[in-house]
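Both complexes below contain subunit A, partnered by subunit B and then by subunit C.
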Partner chain A sequence: MPLQVKRLLLVFAIFIGIMLVLKYVLTPDSWREYGPYRGNAIGEIASQQAKYVQKESCADCHDSIAEIKSLGEHINLQCEICHGPGYQHVDDENFKMEITKNNALCLRCHTKNAASPKNIIKQIDAIEHNEGEECITCHNPHQPWL
Partner chain B sequence: MAIEKENFSRRDFIKNSSMFAGGVVFASLINPYKFVFATKQPKGKGKWYGIGIDIEKCIGCGSCARACKIENDVPDDPFFFRNWVEQYTITNDERILVSSPNGGIDGFKQPVPDEDIYKTFFVPKMCNHCAKSPCTQVCPVGASFESPEGLALVDQSYCIGCGYCVQACPYGCRYIDPLKGVVDKCTLCYHRLEKGLDPACMMACPTGARVYGDLNDKNSAVSLFLKEHNCAVLKPQLNTESKLFYNDLSQEVH
Partner chain C sequence: MDKIQSLYEALTKVDGFIYPNELALNWDMLIVMYPYITGLVAGAFILASLNRVFDIKALRPTYELSLLTALSFMLVATMPLITHLGQPFRFYEMLITPHLTSAMAIFGFVYLWYLMVVLLLEIWFDYRYDMVIWSREKKGFMKFFYKALTLWVSDTSPESRKTDEKIGYFITVVGIPSAFLLHGYVGFIFGSIKANPWWSTVMMPVIFLFSAMVSGIALVMFIYMVVSYLRKQKIDMNALDTIAKYLFYILIIDFTLESLDQIHRIYEADESFDILKILVRGKLFFTFFIMQIGVGVVIPLATLGFLQFKKPRVRIRKLIYWIISICVLVGIFYMRWNVVIGGQLFSKSFYGFTSYKVNLIGGSDVTLSLLWFIVPFFILAFLLWLLPPWKKAPPIEIPEE
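Coming up: the complex of A and B.
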């Protein structure tokens, strides 16, 4: 074998060796556990804290309100749609939830818009329907029609 | 000068051909290049998440977009969304007007008077969690991937923030997080699913316009939704195998 070829082969061998070492050092632990990505990433994404606790957790303490709500039209709504996320309140009862009483909150859903399906939600034109009145003077948000 | 012809006998020809064919069969059995071609795990027996959105039930309240921003610490700036609502207005003179002021969080106003409207509806949008997702295929470092449950996720500690996937997504569902400098997107609230909770947008929807579930389980909410409604996906011509199914989707929606 000519000397040049021997030298070339040596250079190739060194190059491939370096690549193998780099691959070993730089590949993270769980690479290819499920596919060409870091398998541990799935666990890291899953470990994020959930902020909305859902109405079953609310009903553990606020059972009377949950009962009132279960008789009204808002039965299927989650408490946290209006009151905000409850994860801090669940851990510490001194952390108060949002209690918004202005009409804007009601009108998020109930404002009149041609794109809203009429059979799904009752829509209110805030100018025609008792302008200047607070919604909650007539409607209890937990039980709007009683 | 003529090219010298080699004289192959019939026996040699058959011998060489059968050796080659046998070699191909053997190589296909041991499958040495499998890891080169496999872009994702074959679909198993586990969960395979799909989403259904009923446009007939969407009232455009923006609760989903608001809940998503709070749950996932999405920046408040009005142009970063993991999910948002668009209002389509088709006028009597056949113009199509699409608006999504702050993703629908601040509510909608019709751009034309009601008497000029031919048709109008809301379309909530979010990651389609495609089975053949264009976004995960372009990632140069393997930070975007499809999980075994069929969710397109991002490994944020590995992402280099190059933004290829942001351009590759045909549905505009990714953004570069301005604080972290890496890409961020809908995970179908994977952290909530693992804790037995519903994704924030599904939980917050007051009319039940959104459903999700396991497409392998024929009694899951999304399987029943597909059974009962005539559903369509966005941009089917791109062959992304989107798993976000819309009921009552108009052709005007892109």
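Coming up: the complex of A and C.
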């Protein structure tokens, strides 16, 4: 066998050896426990803290607002859709939840959009409809249309 | 969704009905660069093999240049993917956890095979003798460096050169199907996505392959002219004419295949056809009809076809070749663009569109894409300095047995 081929084979053998060592050392422990992914990933994802606490948890304390809301059109919406995730506030009542009061929040759902069902979600043209006014000067978000 | 500040803002980018997860394009311009750069590698290598395996002697002046071009682009071929994923420290996991259930997971191995077994080996056997000679001429660090590159084999006997020549030939023969595998694989990634009618066609690997050859040949043509100009050397017009001839032939095949795919799609006119028609005539009009077909195919085909019959003066011919190579490179870039971006612009409900706006300033995808396109030229400049093809010893003649 020519010398250059021998040397090359040696280099390739070293390379493959290094790859095998790396594979042995670096492969995550639970790889292929269930399939071609880390088995531990399932546990890790499941153990993450839930960020959203659901409207029933909010109603435990904020019962008066929950009652108002239950009479309005937003009855089926979760509080956290507008107020954001509530897990920190539930654990510690001193933790204040930021409430966005600008129009953009309302317009997420209520802006005119051909793709949205008009009979279910009221839609307005943000440019024509009382330009410059805050939505919440006329509409109470908890009971928007009464 | 982090790219979109609010849903309200996002909805302004939408026409008709789309599913929520189709708002933002997950594969941006970096993923356009990935098949583009990989294609340049495969194409440049095929041009080299035309000389070595198919024995087209006129292409000899561009043989080493093609190989070094392929290598410099190959070295950055994975970078668009790694930067797009944004997890540079986890890229190796693909290589240490191999499995066959995902086409993407196989890329690492296709890539390694092509880089290590084909490109590096072929260049090594081609340059081994010269590196030994250079290691004797140089002093200091460069002497050591060349010696290390030869793996401390200092044999310069005619027998060893003949061995190099034979093994190099064998590697090129293996390299052709490997180059086909490399780029056919990239086409397969798109062609195998059955949920996307713009991608899902068995023609995709073949189309990618031929467009790769077209772009790679155009790139070597471009680089050969620029390098000759910078070195103030006379361009071998015979080589350039031959490259242009093959560019013309392969461009015809490429255009035929793409047309066949589109005609088939148009005639079949299945349920996705309406949305694709609006897509191509609307959002992709500029990139598809003007850039991909006009600049990338019609102009080069007409010009190169004309040159097959009538040869203008050398000066004009050089200028034409230079412009045509750029046209083809731009056209193939837009072909990748139309595949990658086009396939994500329409909703899989077939009732709506989203949009993709390139941020020319401040957009990380454009900056990085440009970077990964420019870096190979610097690598090539370094390789041409380290392994200058014009300082190589003349090839050894192997008598016919």
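As a working rule, the second predicted complex is superposed on the first by the 102 of 146 C-alpha atoms of A that agree within 3 Å, B and C clash if a C-alpha of one lies under 4 Å from a C-alpha of the other, contacts with A are read in each partner's own complex, and residues count from 1 in each chain.
What we mean here is this: contacts are C-beta pairs under 8 Å (C-beta built on N, C-alpha and C of every residue); 3 or more make two chains touch, one makes a residue touch a chain.
Just so it is clear, the model here is predicted, and its values are computed rather than measured.
In the superposition on chain A, A:A114 makes contact with both subunit B and subunit C. Once chain A of one complex is fitted onto chain A of the other, the partner contacts of A:H62 are absent, as it touches neither subunit B nor subunit C.
Look at A:H83: by the touch rule set out above, it reaches neither subunit B nor subunit C.
In the superposed pair of complexes, A:P36 makes contact with subunit B and with subunit C alike.
When the two structures are aligned on the shared chain, A:M19 is found in touch with subunit C, with no touch to subunit B. Once the two complexes are laid over each other on the shared chain, residue contacts for A:Q54 go to subunit B alone; subunit C is not touched.
By the document's definition of touching, neither partner reaches A:H139: not subunit B, not subunit C. For subunit A, the partner with contacts to more residues, out of subunit B and subunit C, is B.
In the superposition on chain A, the residues of subunit A touched by subunit B in one structure and by subunit C in the other are 28, 31-32, 35-36, 107-108, 111, 113-115. Considering their complex, residues 6-8, 11, 14, 16-18, 92-93, 95-97, 99, 101-102, 105, 116, 121, 124-125, 128, 151-153, 155, 159-160, 163-164, 167, 352 of subunit C touch subunit A. Considering their complex, residues 35, 38-41, 56-63, 67, 70-72, 87-89, 107-110, 114, 117, 120-122, 142-148, 153, 155, 157-158, 187, 189-192, 194-195, 197-198, 200, 203-204, 206-208 of subunit B touch subunit A.
Interface of subunit A with subunit B (complex): residues 28, 31-32, 34-38, 41-42, 44-54, 76-78, 80-81, 84-85, 107-109, 111, 113-117, 120-121.
Across the complex, subunit A meets subunit C through its residues 2-5, 7-8, 11-12, 15, 19, 22-23, 26-28, 31-32, 35-36, 104, 107-108, 111, 113-115.
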